[in-house]
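To keep things clear, I will list the structure first and then write my remarks on it.
Note that the chains are named A, B, C and D in the order they appear, and that numbering of residues resets to 1 at the start of each chain.
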Amino acid sequence: MKFSDQVKIIDKQTIQEDVFTITFDHVPEMGLVKPGQFFNVACDTTLLRRPISVCEVTPTSIVLAIKVIGKGTAFLSKLRVGDQMEIMGPLGNGFDLVEDSKVLVVGGGIGVAPLKALFEAIKPKNISTDVIIGFRDQPYLLEAFQSSADRCTVVSETDAGYLKGYVSEPLRAHLEETQYDMVYVCGPLPMLKAVAHICNEKKVNAQLLMEEKMACGVGACLVCTCKIKEGDFGFKHKRMCVEGPMFYASEVIFDA
Amino acid sequence: MHNLSVNLNGLILKNPITVASGTYGFGREYADYMDLNQLGAISVKGITLEPREGNGGIRIVETPMGMLNSVGLQNPGVHAFIKNEIPFLRQFDLKIIANINGNTIEEYCEMAEILSGEDVDSIELNISCPNVKNGGVAFGTDPNVVKEVVRRVRKSTTKHLIVKLSPNVTDIKPIAKIAEDEGADCISLINTVSGMGIDIHKRKMILERGVGGLSGPAIKPIAIKLVHDVYKTVKIPILGMGGIISGEDAIEFMLAGATAVAIGTGNFTDPKLPEKVLKGMYQYLETYKFENAHALVGNI
Amino acid sequence: MHNLSVNLNGLILKNPITVASGTYGFGREYADYMDLNQLGAISVKGITLEPREGNGGIRIVETPMGMLNSVGLQNPGVHAFIKNEIPFLRQFDLKIIANINGNTIEEYCEMAEILSGEDVDSIELNISCPNVKNGGVAFGTDPNVVKEVVRRVRKSTTKHLIVKLSPNVTDIKPIAKIAEDEGADCISLINTVSGMGIDIHKRKMILERGVGGLSGPAIKPIAIKLVHDVYKTVKIPILGMGGIISGEDAIEFMLAGATAVAIGTGNFTDPKLPEKVLKGMYQYLETYKFENAHALVGNI
Amino acid sequence: MKFSDQVKIIDKQTIQEDVFTITFDHVPEMGLVKPGQFFNVACDTTLLRRPISVCEVTPTSIVLAIKVIGKGTAFLSKLRVGDQMEIMGPLGNGFDLVEDSKVLVVGGGIGVAPLKALFEAIKPKNISTDVIIGFRDQPYLLEAFQSSADRCTVVSETDAGYLKGYVSEPLRAHLEETQYDMVYVCGPLPMLKAVAHICNEKKVNAQLLMEEKMACGVGACLVCTCKIKEGDFGFKHKRMCVEGPMFYASEVIFDA
């Protein structure tokens, strides 16, 4: 049996006006939790659960970092230490971890949350780990990247004291300079698309952590599909919650 | 110990809790969360003659206490179902209901014939699909078409036959009566209610086809009403569904006239829900000293 | 400053926000919570020829994100309405829509005639009432009856005439078309969806008549779909409603094809809701740089 | 304009496992708040608001006492000091206060909440104020009654160290012994019915605080009616939320 039960919140931190972290025990029933995997979290104010990636994994605890978007995340933001939270997981396939290589981590907004877990898992095992992170406004969750990435570039859309602009510009520059074995990406859809496009163009392997509305989270309802190349012209609908949320940039068909 | 077993006119379930087509896949995924032996039956993901990739674009809109879906019958086709899924499901002590879908009456009949020789316990005729020959209007909303499709499928198979009705009709009673008269063994309802969602920021419909099927607690009062309408109209038993997320909801359906119930969208809220609903039903029977689940049916 | 005024085929509202019949009384109670001058219009509590005491027993069932009601048209009758309520409402800068209800076509016509000589801005023909002469089936679900009642009411009055449609039909399009062809100036929809609730502890229906009308956010996706269906079918404008509880919801209705919207059950969640919805609409027009509210209608 | 806005919770007390009190500021916009009146309280987990009677009124603060029944009250039970609560009111007609008289207060369960406000308002003004309170199990909110009622009788359905039974028995005894000018009643429907019946029989005036599901709470939707005698055989549907929740026992028609 996979884990689906209540967990007790053992820590809660507000890290920005609308971004917070929740920590709970990593119980044995959850088994191994991979970066890029997620938990499906029940909210009193919504019918469906909300998928939230793991942001930090230790043998004893798991941290989620959450940005308030609507009703569900607003409910979660009101939970406090000691409260119970109903979750199931870990779900999805997560990142394929590349070892002893040069890797680049590219993230945007709350997409840094899963990248933090990824970074902590791959950093010690790779020759070099560069990072490019973009924010709309003020950045958050940067400490780990800034303190131990080989190179850490932060951009912001507004004039927040960081390089102004989008991740695509430094990305192109990085790819010109360095031959990366893998690019790990998570962020809003337009960013994923842009990064996938650039990586495909430069023929660099990239793993995208995708996002799509989900219902069951386990592969039963087929509402969360991603269009994946099949043969030269065909496609298959794969389930974001089972075969994803990680897909390789080279296999994804972005519609519209 | 209470007797929870119910008899759907020949299809005997060890308990009245089943899972609704399209919400439980072929059981594999949920087997990781719950002992499938607790289910009375599973109605599998709607199958078609040929494999289908389903609809493109966004397939779900969350709505207040409900959801619209537009999956478009993505499924591996009837032959893959027979080959891969029946053997898997046969490991468990539950009845297998094959939910079949066609573009034409001929397709329905062909699938019924194919499944007649296979190890399924019941065939559920989903007549909410758009009828290709009839300009895309759902089979289930035109009494004449319902008559024709049930009659011909009935002739194509001797299996237990469930006819699944659409709620999107002015009056469900004559349609239920036709299904009964044409030989359905059982009626299941409700399928999803037609709805639409618009993305006000992109100013376009969220679902590629515009219209999707509304399910979940939001539609429960509609479903209870329709189950009761059908209960008053036909003698064959009813498999009731629409928004069940608790034992109380399941009891409500049975009191309205359902002999068994199906959990659909509720599974998404909690992968152990069928187990919890079953427990709730036990408790209710205990509290009110009913000896068996059948005693609840239409008991208002 | 944006131009929020909309034209419902002759009935000009200063803004598209109105309140739905039966949810706002005659405005008196909510006047204590909100400046009624902010409303484009009020559709008053459904009135009948004679005063009515309404249904007995419990009149409400709360459902997931919705409610069933069975008020049964408790109202002081058309004459008391004219005498007591019109003068009160005339203190405010809003249009008065008289929602009329009858047991027979003759009753509808008589009310329309009476109101023709009175100071109301529009008559809303609620054809979701059970038709006494026709065995209690709602007027609005039978196209032939709709034709007859709209035709005859149209002949009884020169007032602006809104026909309010029931969602409980297989296909709303031909019914909307008939209403248009027979002279309706505007179509309002949706009225409540039929539903039922059972008290599982008492094992009886909660509402004395069993069936009640489902309203609130739960039905919004259904309403959006039906508004869009009607928008594609007729040329006369639409007053859209069903589950609006935010500015976003109101925008969604307008994009689906409504020229104005009505807030019903939403008023119960917040007595200042119409004001907030209006503000939300302003903000939306501002954000997306629309000069006027009309530009939203059917803009998907 | 009447009050409809957010209030800040300034105190919250758990007084029994499933009963708690919430205190907020009595702001001038609320005007006079009468015992028997109620506020309609918004809950994140339910569409409709929940009517809750005032349990204590001072010029500066208002206390509500709430019993957890379902989704709405469960949500309210999770609110904490500092949280905002969306309310409107005071609503309804409340009790008619009798002065310089002998009065009897009869309550059951959470029905003691509005009676507490009533008691504190009438106690100083009356010759004598007797009280009978019934509980299913352990009583709560009793201090005021016990410390200053002329007579305070507590009954419990279970063996909780109190007089075992229902309020109707001591009520009959009290009415035999004393000539009360008014009986004030609040409790579950069966209790209201029983008390109304006894008072009508004994021709004692009684004010009942009734309960019915509400929607608008202001008199606009007509879902909360109470059948009230009109003439000798007729009836009228009056609105529980406006003409009630207080009705005289002599005027109410109890169906079924």
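One rule holds for everything that comes next: a residue touches a chain if its C-beta (ideal position, glycine included) is under 8 Å from a C-beta of that chain, and two chains touch if they have at least 3 such contacts.
Because the structure is a prediction, the values reported are computed rather than measured.
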Chain centre separation in whole Å, for chain D relative to chain C (CA means): 36
Chain B-chain D separation of Cα centroids, rounded to whole Å: 46
Whole-Å gap separating chain A and chain D, where each centre is the average of the chain's CA atoms: 52
Of all residues in chain C, the ones touching two or more other chains: 65-66, 216-217
Touching two or more other chains - residue numbers and ranges from chain A: none
Pairwise touch network: line, ring, star, complete, or other: ring
Every chain pair meeting the contact rule: A-B, A-D, B-C, C-D
Of all residues in chain C, those that touch chain B in their complex: 61, 63-66, 68, 141, 168-171, 193-198, 200, 203-205, 210-212, 214, 216-222, 224-225, 228, 243, 248, 251-252, 255-256, 284, 299-300
Complex interface listing, chain A residues touching chain D: 44-45, 75
Contacting residues of chain D [partner chain C, same complex]: 1-2, 4, 42, 46-49, 86, 88, 212-225, 227, 235-237, 242, 255
Residue ranges of chain B touching chain A (in the complex, touch as defined): 22-25, 28-30, 32-34, 45, 53-54, 56-62, 65-67, 69, 71, 74, 216-217, 265, 267-272
